[in-house]
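Here the structure is laid out as structure tokens; the discussion comes afterwards.
Each chain carries a letter (A, B, C, D and E) given by its place in the written order, and its residues are counted from 1.
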Amino acid sequence: MNLWKEFSKGFVKENPVFIMALGLCPTLAVTSSVTNAIGMGLAATFVLTCSNVIISLIKDLIPSKIRIPCFIVVIASFVTIVDLVMNAYTPEVHKSLGLFIPLIVVNCIILGRAEAFASKNKVLPSILDGLGMGLGFTLALVVIGSIREVLGAGQWLGMNVMPLAYIKSPMLVAILAPGAFIIMGLLMGLINIVNKGK
Amino acid sequence: MNYFVKLGLVLLLITAIASGILAFVNGLTSEKIKANKLVAEQEARKEVLSEASRFEKQTVTLPAVETEPNPLKNKVEAGPRQFIYYLGYNDESAIVGYTFVASQYGYSSEVKTMVGVNLDMSIARIKVIEQSETPGLGANAATADFQGRFVDMNQEQLQVDKDGGAIKSLTGATITSRAVTNSIAEGMKILADAMTEEGK
Amino acid sequence: MSFITQIFTLAVFAVFVNNFVLSKFLGLCPYIGVSKKIDSALGMGMAVIFVMTMASTFTWLIQQYLLIPYNLEYLQTIAFILTIASLVQLVEMVIQKTAPSLYKALGVFLPLITTNCAVLGVSILNIQEDYNFLGAILNGLFSGMGFTLVLVLMAGLRERLDKAEVPEAMKGMPIAFVIAGCMALAFLGFSGLNF
Amino acid sequence: MNNNLIVSAAPHLKAKNMTVKSVMWQVVLALVPAMLAAIFFFGLRSLVLTCYAVVAAVLTEYLIQKLRGVPVTITDGSAVVTGILLAFNLNVASPGWLPVIGSVFAIAIGKQVFGGLGHNIFNPALLGRAFLLASWPSLVTANWTKTQPAFSLMFKSMNSLNLSSLQNVPEAITSATPLAAVKSVRVLAETNPDLAQQVMDRMTSMDTISQLFIGNIGGVIGEVSALALLIGAAYMAFRYIISWRIPMSYILTVFVLTFAFGGLGGLFSASIMLPFYHIFSGGLILGAFFMATDMVTSPVTKKGMLVFGIGAGLLTAVIRLWGGYPEGVSYSILLMNCCVPLIDRWTAPKPFGEVRK
Amino acid sequence: MGLKTFPGGVHSHDNKEYSRQAEIIAMPLPGKVYVHLSQHIGAPAKAIVKPGDEVLAGQKIAEAGGFVSIPMHAPISGKVTKIGSYPHPAGTTGTAIEITGDGEDKWVELIDDAKYNCLSTDEMKKRIAEAGICGMGGAGFPTHVKLSPPADKPIDTVILNGVECEPYLTADYRLMLEQPEAILEGLRLLMKIVGAKQGIIGIEANKPDCIKLLRKATAGDKTIRIDALKLKYPQGAEKQLIYACTRRKVPNKGGLPMAVGVVVQNVGTAIAVYEAIRYQKPLVERVITVSGKIVKTPRNIKARIGTMYSELLDFCEGTTEDIYKIISGGPMMGFAISNLDTPMVKGSSGLLLFNKKEAAKDAEHTCLRCGACVEVCPMNLAPSLIVNNAKYQDWGLVEKYGVMDCMKCGSCAFICPAQIKLIQWIDIGKLEVGKRMRSRSQVGKA
């Protein structure tokens, strides 16, 4: 049961985006469509899980003084792998995520989990932690992406979900930078209200 | 001191392993990435010149134009400019038209357009392949509606309506419209010159 | 265009038009996290300007003289992030030794900068945008200044909102995002600037 | 002794007629001349749109205050002012839902999220406009209607140049607003400097300027008549509702900069009338007197107000001359709104008797 | 017209019409007086009588508690009946000596010193100190202290404050009309004591008759000037008055007028100084304005110190409506008190009574940041910034924005459209910042 807890905490209770406010740059930058959100979320999940595994494996081998550089090397390697693989097999998504794939390296969620969890735990919990956090991150991205895509383009995952009149002149600001910030702020406010209501 | 050497060695080892793995992955994917690019271009060409099934690269050397280099960017190799276009062949190996990529800076980005040209030097179709203009305004250049406005246009008509041409510009985005139109017009001119030269 | 105009244009674009935070979504964590007080925002901003300029310089050199000649472009991410991390360490040690008062002011911010995506971002963008050496350094400098500008403005606004009756649920981070959104709306006014 | 005694801190006297309510409603009153001018030049639809915006603003304020469980203050007039100013920033051809959505955004995100009147950082009406402009750019910028007598007069005089016989009919003639004409002329100057200069001369003629001043121009609802706006502004200045510092420094800065850089031939090549063209066209008068002076979102210090005005003037001139949008007033004011806390902090007055060191 | 004035300030109806025509009249002796031991700034006086002692009017009943302090004298003859706690006009309570009068008004012997003009300055200062004189404009700073500047701060100007910028109050106005000679004589003595070459009497332009009268009286005297000042509040504040008359700016952060070579005294104080030096008469009575729309007969009353406010009001035949607010002093800076059974002190310049409408205060609104308070602040502060930070306990900024330079004239709160009680917040700010400054200086010493 404890393992389930490790896995599920990232969804709501310790959601990296909404609760811990980590990894904000990709959260806002790539969520102008749900497709991008999923792509980014899964890429980050992959890096997070793999680096958690490796780090929990080698944690006893590396001196603590240089652990951060070591973590960064591990993470950067996986990021590069994701980068290359996505470029090869999903070139469209790779193109629209652009700069933000290499920037997964500096996503504080990943280094944060490596430092706070994987470097202190065994492999299995680390995998679950990475998967859970990664999926929580993906979930957050998809939520924001959905709102932005529906409002800003009248579509969801590329499918029309709003009346045609709306799709013709949607509330564009939602997929622009200002809309991203404001929607994020309002969502966090909403979560605060819900949490307080509990 | 020994301790620090050890630290360095550990880090070096990890980096080396990582580099090795990455080199391996890179080897696996690099061909695919290159191929992707070619395929994408090929597909865009097919889209604007649907009758063609095979394309052949042609290069026109243009007289060098004195342009002031941007002192903050890497130097582009000097020398004559090259204009690249493709001859489109159908299954019977007959030429059915030409394609080229037109490019010009628009409102906030370089707008690249793939242009398909019929043998009579009218436009078959165009496709905006790269831009990051303002969504809702300039970005509408990538819509089928706007791209459709170019079909069958000839070189004389290639100007936006505000400049007296036949291309109806996008609402509120004259600059982008102008960039697309003018870049195509320029390419058409070079292409036409190249054709007449060949004809001689 | 003349040399001076080019530099001026680069500066205006990096600071206002393509602001790292408001239009490129880079450096959001410190933008939201270190913007509660004007003084700390200023400190962070100065540190970021410094590190971004240094990082631009070194990563450009590494790219041009190491990665490209040996066909190692796929190691870009790993090389850049290691460069930045060690650079930050080095800067921290140098400042600590040579200028203790500056260290006192900037010290707490320096470790945070390693994971500031604006630094890695500018390094990669310098390569993507094909800047030469001078261009890369200036782009790093101006982008850092753009970051600092909005960071300090944000801190000013948040200090004021600390003293306002913001609804309970919106206090803290939510309102900071809303302000950022409004600032981004205002900064849209610079789009399409053309000298 | 009775128990009615009130014990409160000094002072025990209060200036008359200085209440939030009276200030806000006097601003509404000051906007009436401009409203009348808009009805005269654009027709009754301008009034209808304004009413939509006002009703939406007041309703939104009411609903949110009910939801938040704070006292409802819709009678203080501030939501009304926001509604009017928002509608004044739209063109008369806008669909009716545009001012409604703009008002909802202006009140909800521009004001109530920050805690309501007094706490908002940005001018709500301008924020609403910026939101609409980012969301529906083609609806907000395009579709300028040349209805009513508006505008035709100005360009009738231009047409007398018989430019149409020339090739490349200059865009200036088909531009819908005076400021778009400025942009077009600058574009034209690159290809045909002589023609551009001719158009420019016509633009800066006494004829055109006086038309601009009275209000025969295309544009958004509220900015149509500089004269009507100035009447309202004079009233507010007379009642001490606005201080001269922001509008004057704002307009003077625009004057100087457009004179210096507005000409087609380089520094100071412009006619001295060009700054007047800039001042009386577009939203400068409306912005400088009614929106930059918004108390809540401008500095409180005297020096700060000057800094605010100069900064807004600088940004306006930059956006008008080199920016992507024809008009920069609303963005300039929003940008300066961001700077207000810093301005206040760094221009805090030196106490009387500061010792010079 | 170029009337002299200062930057900032507010315009308000002066409301002086109620009492400006009322000549100063002496009030019948009260049955009991209550002499507070703390009527001034500085250490309280120490009682030297005990219940049961018989005292004469003018007899010293409390001695100065230090250099910055003044002695107290019995205002009437009679018997000390109690030393206890009584309400103070500043809204607090304090120790006072209760004297039950014998109705005979027996005085200690007063000598008319014909050669008072030839006394040494030290002797003059001693007589002033002995007479227990403090500033009568309201603040109540011991006069002899003001007249003893350190040697490195030479004084060249004495300004008499005849501005009386507080609305309603007319006591100084009547004094200037009725006793111009005594005022001028007091001024000359003050000038002599500090060695000043010029004397200025600053009078607000709403008292043209005083200006005319005093100008006539000083026609031949080149050393004394009468300055007509613009009608604006707080024209009578010390620093503002000095600036208006001499264009000199008293340094902020606790600077005193002596830093710019000026001493300011109230016109009432000038008369007290004159009487103290010539007759060695202690300060036991003063003129106080009792006014307000609801007062039946508003008056300028010459009353003994320690007279109950209730008796003053009775002397004015009471009020026509229910009283909703009692103000001790002027309406701008005076204190609202909760009890008419409060004895007047040496600084009591007025007693005002307001009805319900006049006393009503609107609810406080959020600050609109209109900047009106900044516009009017005579000290060139930004009151709204101070108050906003005080509300949220950011004392560092409260101090930075200069709360300690505020003199609490109330102009900001008067003008504020949001009805914010700025002075209340500034009071809190001053208290907190004061604490911080003290603890800082202690740390510095340690």
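General remarks:
The rule we apply is simple: contacts are C-beta pairs under 8 Å (C-beta built on N, C-alpha and C of every residue); 3 or more make two chains touch, one makes a residue touch a chain.
Everything quoted here is computed from the prediction, not taken from an experiment.
Chains touching both chain A and chain D: B, C. The interface with the greater number of C-beta contacts, when B-D is set against C-D, is C-D.
Chain centroids computed from C-alpha atoms place D closest to the centre of all protein C-alpha atoms shown. Distance from the chain A centre to the chain B centre is 33 Å, each centre being the mean of its Cα atoms. Between the Cα centres of chain A and chain C there is a gap of 22 Å.
Chain E has its Cα centroid 59 Å from the Cα centroid of chain C.
For chain E, the set of residues touching two or more other chains reads 366.
Those residues of chain A in touch with two or more other chains are numbered 69, 73, 76-77, 80, 84, 172-173, 176, 178-179, 182, 186, 189. For chain D, the set of residues touching two or more other chains reads 109, 113, 115-116, 118-119, 131, 134-138, 324.
Pairwise, the chains that make contact are A-B, A-C, A-D, B-C, B-D, C-D, C-E, D-E.
For chain B in complex with chain D, the touching residues are 107-108, 134, 136-137, 162-164, 171-172, 174.
If you check the complex, the residues on chain E that touch chain C are 366, 388-389, 391-392, 394. Within the complex, the chain D residues that touch chain B are 135-138, 141-142, 167-169, 171, 174, 324. On the chain D side of its complex with chain A, the touching residues are 109, 113, 131, 134-139.
Of all the residues in chain A, the ones that touch chain D in their complex are 169-174, 176, 178-179, 182, 186, 189.
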